[in-house]
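Next come two complexes, and both contain chain A; in the first it sits with chain B, in the second with chain C.
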Partner chain A sequence: MSTDSIRVRVSGIEQVSPLIREFTLEAIDGEFLAFSPGSHVVVEMPAEPRPHRNAYSLLSDPRDSGCYRIAVRLQEQSRGGSVYMHESVKVGDELSITPPANLFAPNWNAGKHLLLAGGVGITPFMAYLPELKRRGADFELHYLYRGSSTGAYREQLKAELGEQCFLYDSEAGQRCALGELLADQPRGTHVYICGPEELIAGVREVTEELGWPASHVHFEAFAAPQPGKPFEVELSRSGRTVKVDGETTLLEALEDAEVDVPHLCRGGVCGQCVTRVLSGDIEHRDEFLSAAEREQGDCIMPCVSRASGKRLVIDL
Partner chain B sequence: MRMAPKPIQSFRDDFTYSNSPGAVARFPFPFPEDEYMYSVNIEPHVTPGPEGSVYEHLLDIDEHYLSEMHERDLVLKENPKRCLAMPHMDLACWDMIDRVMHCFSEDYPEHFKLTKAGDQWTWENKLLNINDSFTFGDSSTLPLPPMEYIGRQVQGDFALLDQRDGDLFMDAGIVTCPADWSLAFDAGMGFKEWHGPVPMAHEMGIFDRALKYLCAIPLGRPVRRLNWTLTVNARMDTSPETYPSWGSDRASVTPENVGEKVHLRVELQVLDRMSRSNALMFSIRTYLISLEDLVTNPEWAKRMHRVMKGLPEQLIEYKGLTRFHPLVVDWLAKYDPAN
Partner chain C sequence: MQIDPRIKSRPLYDPVVIRPKAKKHLFIGAGAELDALYASLPQEQCIRVAGGADGLTEALRAELDKVFETLPLASAVYVCGSEGFMWDIRNLSLAAGLADEQVQMCEPTTKERRLFCTHCYEITEGVTHSPQACSACGRLLLVRDHYSKLHGAYVGVQINAEDPADIPETEELV
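What follows is the complex of A and B.
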């Protein structure tokens, strides 16, 4: 990994909903750092032919650096990371993680914090809540889930938060009326969304209609890398050519070729892996580059984006 | 620390400040080339750096420690607003306390000692005769507000930048030795706002790129850059608040006193991510060297002349050098064999 990796031991595994498992991680050498609410780590799993590397939010109390906890939802359609975590990782196993990084921090100037979680998207808020309570902040949690698959921690949350916690089990026909909820908020409220794309898109649409400032709407928008067509990249500095097959990301192909590219999130958000493109057309799939930068067509985020043609020449 | 702190010298009135030969030798001379161009010039601050250099530790302490802490006290007594922390920055201030105390006690164990039992910390600063016990995170257990408490024990100015909406806001800090900027004025401003006056940089897109880079600085990966200007007299506090007491110094430079009066002022700026608050700690460690001392190094003398001679007019104006810049170039010319 291009950031300093931390060796960890899995000290506990708990099934917290039918599809979600929680893993407790302990530092093998020394101590973990405290972290800020909303932080994630990238977990490296020693799979073959190449390690899986997935970003997961830390859900423990940020001031408690004794252990880190993450929760992983089983994604049958994924590229294998979550399946590996569910099926192969046992208590006592060793893994590597990156130091925590935060792309989803609370804005402490908010008059009120409105947290909207969908399914496993509850995880970053598990780290928000202790800090919100310590600061005596005004907040509400609205938690949408499916009773037979997700919905982790809901009883604990209801017990701890009481009237500040609103639960919506879609399988029991409980819907969250986003329009009403958002229209009803006092001025100065910030909304935070972590969950499926439809939930994020829904909240963004409603807040735009209601005239909320964009700076009051926060979402965690990791794009899990999606497969695409195979292509080739030429590395201009060495003249080497690297093949990228349909199931592999450009970043992974570069790592396989032992080309070091800095990265933090591997999900198109942090901007660390941005790489200059000298020729070839790009299919941008990230959340980082601005429209103008995409238009220019001279940089790519290799963690999620791909060539739209057969070949790219990049400045590496 | 290679150099023991000297007794207190002054950065005002009689200006008794001086650099020992050791301090001159380790001065962070900022010009890598004969031609100066504004650039972001950010690089990883990997510690430990070269032994004895200003880059050895995350935060550098040198022979001027007591003098600078005394000067800070004078400035804060004149104007307490030179230190501030907005209420939402309390946790970030504690992050800074954590970072400073851990670094100092590990890097300078002869002067500083930290003892921890859970949240109960005891801090000993032998240079300033401080020995305090407090509850980490509980500001009511400190004798001063957390920013002022730790700020009075560190050389250089400090700001804590809150990161939100892809921007950085200067929401806390202690600034008593600035190169003509004001914390009270910049407080609450975003990155591009407080950089508003730098000529040429906006057009070059420098700030957009720098901001994205700074927002992505990871934990445990601090970065640094050098900035510079010229200051007349060894005056640490060149702030807008005190302009009436130093602005006229610029007119006091003569061909006879250039070497003694004009100082190269270099800021070692370090940005370090704070773990609990996600804030960036921005430390601005200022080093002053008189031109007389600077030219004792022939390579520096030659390069200094070339850089000063080629400085673009806009930068001379921006850095406030217009009044005495020609005198500096003339005085340095004799150290450049090309002349």
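What follows is the complex of A and C.
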């Protein structure tokens, strides 16, 4: 890992919705640090042939350094990390996490904070809320979920936040009218979205159409790396060739070959692992590079992106 | 890796274009560029505020405070005037809840610079040469190209702190 990992012990596991489990983590040596709302950690789970490493938002109170809490939604179609967390991790088990990093912090200059959560996307906002309340900030939470699978913490949130909390259970036919919600906001509002890609894309589209400034629209979408076609990558500095099979990410293949690539989120968001490409076509799957940078075709985010052809030459 | 010789903190002024999705367009100052944009929009979407030739006066500030109160979230501000004045308007806009990309500035109407003294924190207006004596503390300041958006001013640092008797030649600023 690029950062020193922290050994943690799982001190509590709670089923907070039919598909979501919450894990309480305690530091084995010393104490955790306080963190900023919106932070995530990457959890490393022992597995063969290589560990699972997934990013999860911290949902505990950012000022509470006694424990960290994360919530994991079971993803049947995933590469196994969430299944591992649900089926293999027991109270008392030890895991490694990275120190918290934040790519989704509130903008404290906002006149109003509009939080839009979809399903397990509620997690970063669980850490926002105590801090928003301490600061006396103006905010609203709009929480979209499916009653039979997600919707964790909704009763607690409704009880604590009252009229600042809006719940939408799609299975009960409750729809959030994004157009109306976003059209009717005061100057100085910032909107934060965490949830499925469709929700993020929907909000981005509506806010653009309504003339919102793009810098007031914040979102976090960790891309779970998706499989693809196998390819080869040539490392220009050493002349070595590394094979990347369809189920493995470029970053993992490089790690397996003991090539050190600085990285952080492993989800195409943070930009740490950006690597120069000298030749070959790229299938960009990240959220970090701009359209212009993609167009240039001379860099790749190896944590999620792949070659679109059979071969890449990279500057490593 | 190539080193970009430009000063990254010195603002560049791109051509001002209409923000197409804005519901309200606020034009501040005078200038042909603004006139043309103003004329291209339906009048009910526009607010025009004259002034700015004397900077952000008390009266103009009071007028703008009232106007900003009426602006919706989807607004656009277009401003023309001296560089310092335009950044004053940008800072007012941000304080009113607008974002940087909602404020567009024309090419400054003058090369005169506002200078911020890093020693006494006072402002000297209308600076055309470097070094320039600070209007408040009198120190002879090197006028850097480094721009403070917060102060809407170039940063000035004493050029002869080691030996105040050493008076370098002055150069005209571009």
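Note that in this section the second predicted complex is superposed on the first by the 316 of 316 C-alpha atoms of A that agree within 3 Å, B and C clash if a C-alpha of one lies under 4 Å from a C-alpha of the other, contacts with A are read in each partner's own complex, and residues count from 1 in each chain.
Throughout what follows, a contact is a pair of C-beta atoms (placed from the backbone, for glycine too) under 8 Å apart; a residue touches a chain by one contact, two chains touch by 3 or more.
None of the values given here were measured: they were computed from a predicted structure.
Student: Looking at the overlay on chain A, is there a clash between chain B and chain C, or do the two fit?
Tutor: After superposition on chain A, chain B vs chain C: clash.
Student: Using the touch definition from the top, say if A:Q185 reaches chain B (first), chain C (second), both or neither.
Tutor: second
Student: Should A:C270 be classified as contacting the first partner (chain B), the second (chain C), both, or neither?
Tutor: first
Student: Just checking: does A:S215 make contact with chain B only, chain C only, both, or neither of them? Give me first, second, both or neither.
Tutor: Both: A:S215 reaches chain B and chain C.
Student: Who does A:G111 touch here: chain B (first), chain C (second), both, or neither?
Tutor: second
Student: Chain B or chain C: which reaches more residues on chain A?
Tutor: For chain A, the partner with the higher number of touched residues is B.
Student: Choose the clashing stretch of chain B with respect to chain C from the list 114-122, 240-248 or 294-302.
Tutor: Answer for the clashing stretch of chain B: 240-248.
Student: Across the two complexes, find the residues of chain A that touch chain B and also touch chain C.
Tutor: On chain A, the residues that contact chain B in one structure and chain C in the other are 109, 215.
Student: Looking at the complex, which residues from chain A come into contact with chain B?
Tutor: Against chain B, chain A makes touches at 3-4, 33-36, 38-39, 62-63, 98-102, 105, 107-109, 215, 264, 270-272.
Student: Which positions of chain C touch chain A when the two form their complex?
Tutor: 19, 21-23, 71-75, 94, 96-102
Student: Of all residues in chain B, which touch chain A in the complex?
Tutor: My answer: residues 88, 137, 162-165, 212, 216, 218-221, 274-278.
Student: Which chain A residues qualify as touching chain C in the complex?
Tutor: Counting only chain A, the residues touching chain C are 109, 111, 185-189, 208-216.
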